[in-house]
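Below is one structure, written out as structure tokens; comments come after it.
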Amino acid sequence: MTQLYAVRMDVALPPDMDPAARDDLLAREKAYSQRWQRSGHWPHIWRCVGQYANLSVFAVDSNEQLHQILWGLPLFPYMGITVTPLAAHPSDIAQDPAQ
Amino acid sequence: MTQLYAVRMDVALPPDMDPAARDDLLAREKAYSQRWQRSGHWPHIWRCVGQYANLSVFAVDSNEQLHQILWGLPLFPYMGITVTPLAAHPSDIAQDPAQ
Amino acid sequence: MTQLYAVRMDVALPPDMDPAARDDLLAREKAYSQRWQRSGHWPHIWRCVGQYANLSVFAVDSNEQLHQILWGLPLFPYMGITVTPLAAHPSDIAQDPAQ
Amino acid sequence: MTQLYAVRMDVALPPDMDPAARDDLLAREKAYSQRWQRSGHWPHIWRCVGQYANLSVFAVDSNEQLHQILWGLPLFPYMGITVTPLAAHPSDIAQDPAQ
Amino acid sequence: MTQLYAVRMDVALPPDMDPAARDDLLAREKAYSQRWQRSGHWPHIWRCVGQYANLSVFAVDSNEQLHQILWGLPLFPYMGITVTPLAAHPSDIAQDPAQ
Amino acid sequence: MTQLYAVRMDVALPPDMDPAARDDLLAREKAYSQRWQRSGHWPHIWRCVGQYANLSVFAVDSNEQLHQILWGLPLFPYMGITVTPLAAHPSDIAQDPAQ
Amino acid sequence: MTQLYAVRMDVALPPDMDPAARDDLLAREKAYSQRWQRSGHWPHIWRCVGQYANLSVFAVDSNEQLHQILWGLPLFPYMGITVTPLAAHPSDIAQDPAQ
Amino acid sequence: MTQLYAVRMDVALPPDMDPAARDDLLAREKAYSQRWQRSGHWPHIWRCVGQYANLSVFAVDSNEQLHQILWGLPLFPYMGITVTPLAAHPSDIAQDPAQ
Amino acid sequence: MTQLYAVRMDVALPPDMDPAARDDLLAREKAYSQRWQRSGHWPHIWRCVGQYANLSVFAVDSNEQLHQILWGLPLFPYMGITVTPLAAHPSDIAQDPAQ
Amino acid sequence: MTQLYAVRMDVALPPDMDPAARDDLLAREKAYSQRWQRSGHWPHIWRCVGQYANLSVFAVDSNEQLHQILWGLPLFPYMGITVTPLAAHPSDIAQDPAQ
């Protein structure tokens, strides 16, 4: 059974990080993220305007699976992460038989 | 041009509110919300687990339009609202020509 | 598949609440809580010392089920609730095949 | 359609930064900022008294454009940024046909 | 000598306020605000999207004058106000002789 | 007499820490934690999803003993720790003679 | 075995509380507090200057006993309470055999 | 020996307070404040621009005396108060024999 | 026209700063501060007890002048600064013709 | 006249500090603290369970003396300190003639 979670990730990379190491890290992060997007576990990822942060929505089987995905992010050591478990909203037309 | 915003709404209704007034208010809120969902301006609305709060995503033409929609919510006077303007994320496979 | 969540509930009842209404509310809350404890969905509930608050652990099938349980709490309108989804800890001897 | 955003930028440069690198960075920041000011996208920039921070107002086409401008700031890696989308105020005489 | 201040005003009106009293209060607030706008002391007032709040910029002679204007707002008793004194920014093209 | 405490531990290791030193530190931390788990003093340890943090419950004789256990954690210098002393909850079926 | 806890209590009584009810409540609070002071469980109680708050130190057998004492405070419904469990400090000359 | 304290007082009066009671309360507050100003114990009182708050400096004999003065303020029940004990600053020319 | 501002400065110097550089910096800071004190622009500077922080009051012509003074502090790069513009308080006996 | 202050000290030492320098610093801190304890100025020092922090009570002549003691702590550069001036509590049996 798929469960949704909203996850905000704030990234703080040291400004004086070695450029090559930085580019490699970001490339690995992008590839990692896109793999989980293609598998359907990461249906939404938006950039928070003006910040090195994103708001994402994950569709996973369990808390456990979400943790493994987030823990595996190459950028994880440089991130502040907040997780909000989501449920269906009674007004959501996609959930409302009357619609 | 459609723009996305993440909006969190925390609702605080007085526990001793007149039940009939409360039901009417909530019915009007649901109808109002569903009208904007059907028009495509309110593509996502999720319940934050364990809280009288929702996380929504709006797709609107402008700041102005978003404000008018939120200002018109029947529950607005009882809400704490935070608005996060969103932009495309470079890793989003929906944005990535290479995908 | 059972998932664990830590939930903190801070209760704020109006000091001048009608005593009879208060006792009835608290009796319904206790019965409601104990029903979910007996069903195994609410394995832990501890009082936070010196505060009208508890720290609980829920074992439920999904975010959805957790939300329905919390939303149904008679004291819900008087509560501030924070939800922390939990996963297995790599050091947990109950999870560690080597133990 | 132009949209307004209030943006606060708090800058934290390492006190022991190489002076030459610092001067170069600040010169590039000034040039970058003035280019967007001259184009009309950055109509206001004020110094917050006593702080290495500014309050700015941006007039841009979209969230996307604002993000690209802010993301491109040479000082971006050293900044804490908060973004407040703005709309017309009903009391604004510039908006009030009755005026 | 004119000085600039950024002022954020968050309004919290009791939802159950008498409608007539509320309308009268808001009318007086609008008239009061527009008088100071026309006099040039209140050059900017923007609505913060999704919130009963505004971000304003005042151009006044002194702290004293700003306080008298804000203290006289009909909505003052229902407001949370933060004041940020502003100064010229070195990158501001309006201040930069080189421009 | 055993007393319960909820303890949240947020870990912040420098991303550029020497890998060997890191692995050794984590191995010592795991061994240390599992020793106290096996002794019954550390009955619960859960991972907070998406964060390098855990929520634990300790069963110890005294404040003193809890402090010595926490102070001895190899990861202690890298931790932010909050401690919530716990007591029996009146609704806890394990405490309720009526059950 | 006696354990120490630092407890801060911030009191917020409604300014328009019936004076007689208020005096009775405060008299009961004083009597209750002095009973536990005389029994040695409440060795220190100081007023935080300029605030309707106190900093107290309790010497009790357990978390449980502390909770029962605090929960029984007549002013409890009007209080914000924070509890900090204390242990011996290695520099405390009262603990230091070398002294 | 006179000691200095900086005290910030934020006042929150119910907007719907009876006007006569309010005027009486404010008159008593002013008289009370001016009595302690004339006695030299309250050397400074400034209005925080745009807020129903003041920043004051008290010159008193002790913590005790400061508390009695603040506790006796007619507006005390409607105030949020923070107290910062002050000491001589080494750069203060009034303290610097070399000046 | 002189205007007053309350300014709190919290200083955070790296503990491992070169002692000679540190002493030189502090000497320049003291000289700079005392110059502005002697000119009457910095009438009050108090040490906040127990903290590397001061509370100061500035008497300047404008926001602009205050910013230039603060921006020029040798310790500025190591400071967290908050600025509170001040106005006359109606109870201030120095302002009260009736006194 | 002795005055009491509650002081919380949170210590943050760099984890990679040279061990010898660290031990020397802690030895000097302990000796310094115990000197003031023996003189009666530092009557209480407790460890906050699970944290590198202490809650202390000082009995000193003045704000000035307290500041000099705290400023002189060898660990001062690594500390976050909060100071709460204390006064006698009306319920304190040690202060209550009726006891």
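A, B, C, D, E, F, G, H, I and J label the chains in the order they appear, each numbered from 1.
Everything below uses one rule, namely that a contact is a pair of C-beta atoms (placed from the backbone, for glycine too) under 8 Å apart; a residue touches a chain by one contact, two chains touch by 3 or more.
Please read these numbers as outputs of a predicted model, since none were measured by experiment.
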Out of B-C, A-C or G-J, which pair touches the same way E-H does, with over half the contact pairs the same?
B-C
Would you kindly state whether over half or under half of the residue numbers at the subunit F/subunit J interface are used by both copies, giving same or different?
different
How many angstrom between the C-alpha centroids of subunit I and subunit E?
27
Distance between the CA centroids of subunit D and subunit H (whole Å) is 39
With centres defined as the mean C-alpha position, give me the subunit B-subunit I separation in Å.
45
Which subunit H residues touch at least two other chains?
4-5, 47, 49, 63, 66-67, 83, 85-88
Interchain contacts (touch definition) - all pairs
A-B, A-C, A-D, A-F, B-C, B-D, B-E, C-F, C-G, D-E, D-I, E-H, E-I, F-G, F-J, G-H, G-J, H-I, H-J, I-J
In their complex, what parts of subunit C are in touch with subunit A?
1, 3-5, 61-64, 66-68, 83, 85-88
Contacting residues of subunit C [partner subunit G, same complex]
13, 15, 47, 49-52
Hey, which residues of subunit D end up touching subunit E in the complex?
4, 6, 29-30, 33-34, 37-38, 44-50, 54-55, 57, 84-93, 96, 99
Interfacial residue positions of subunit B with respect to subunit E in the complex:
5, 7, 63, 66-67, 70-71, 76-78, 81-83
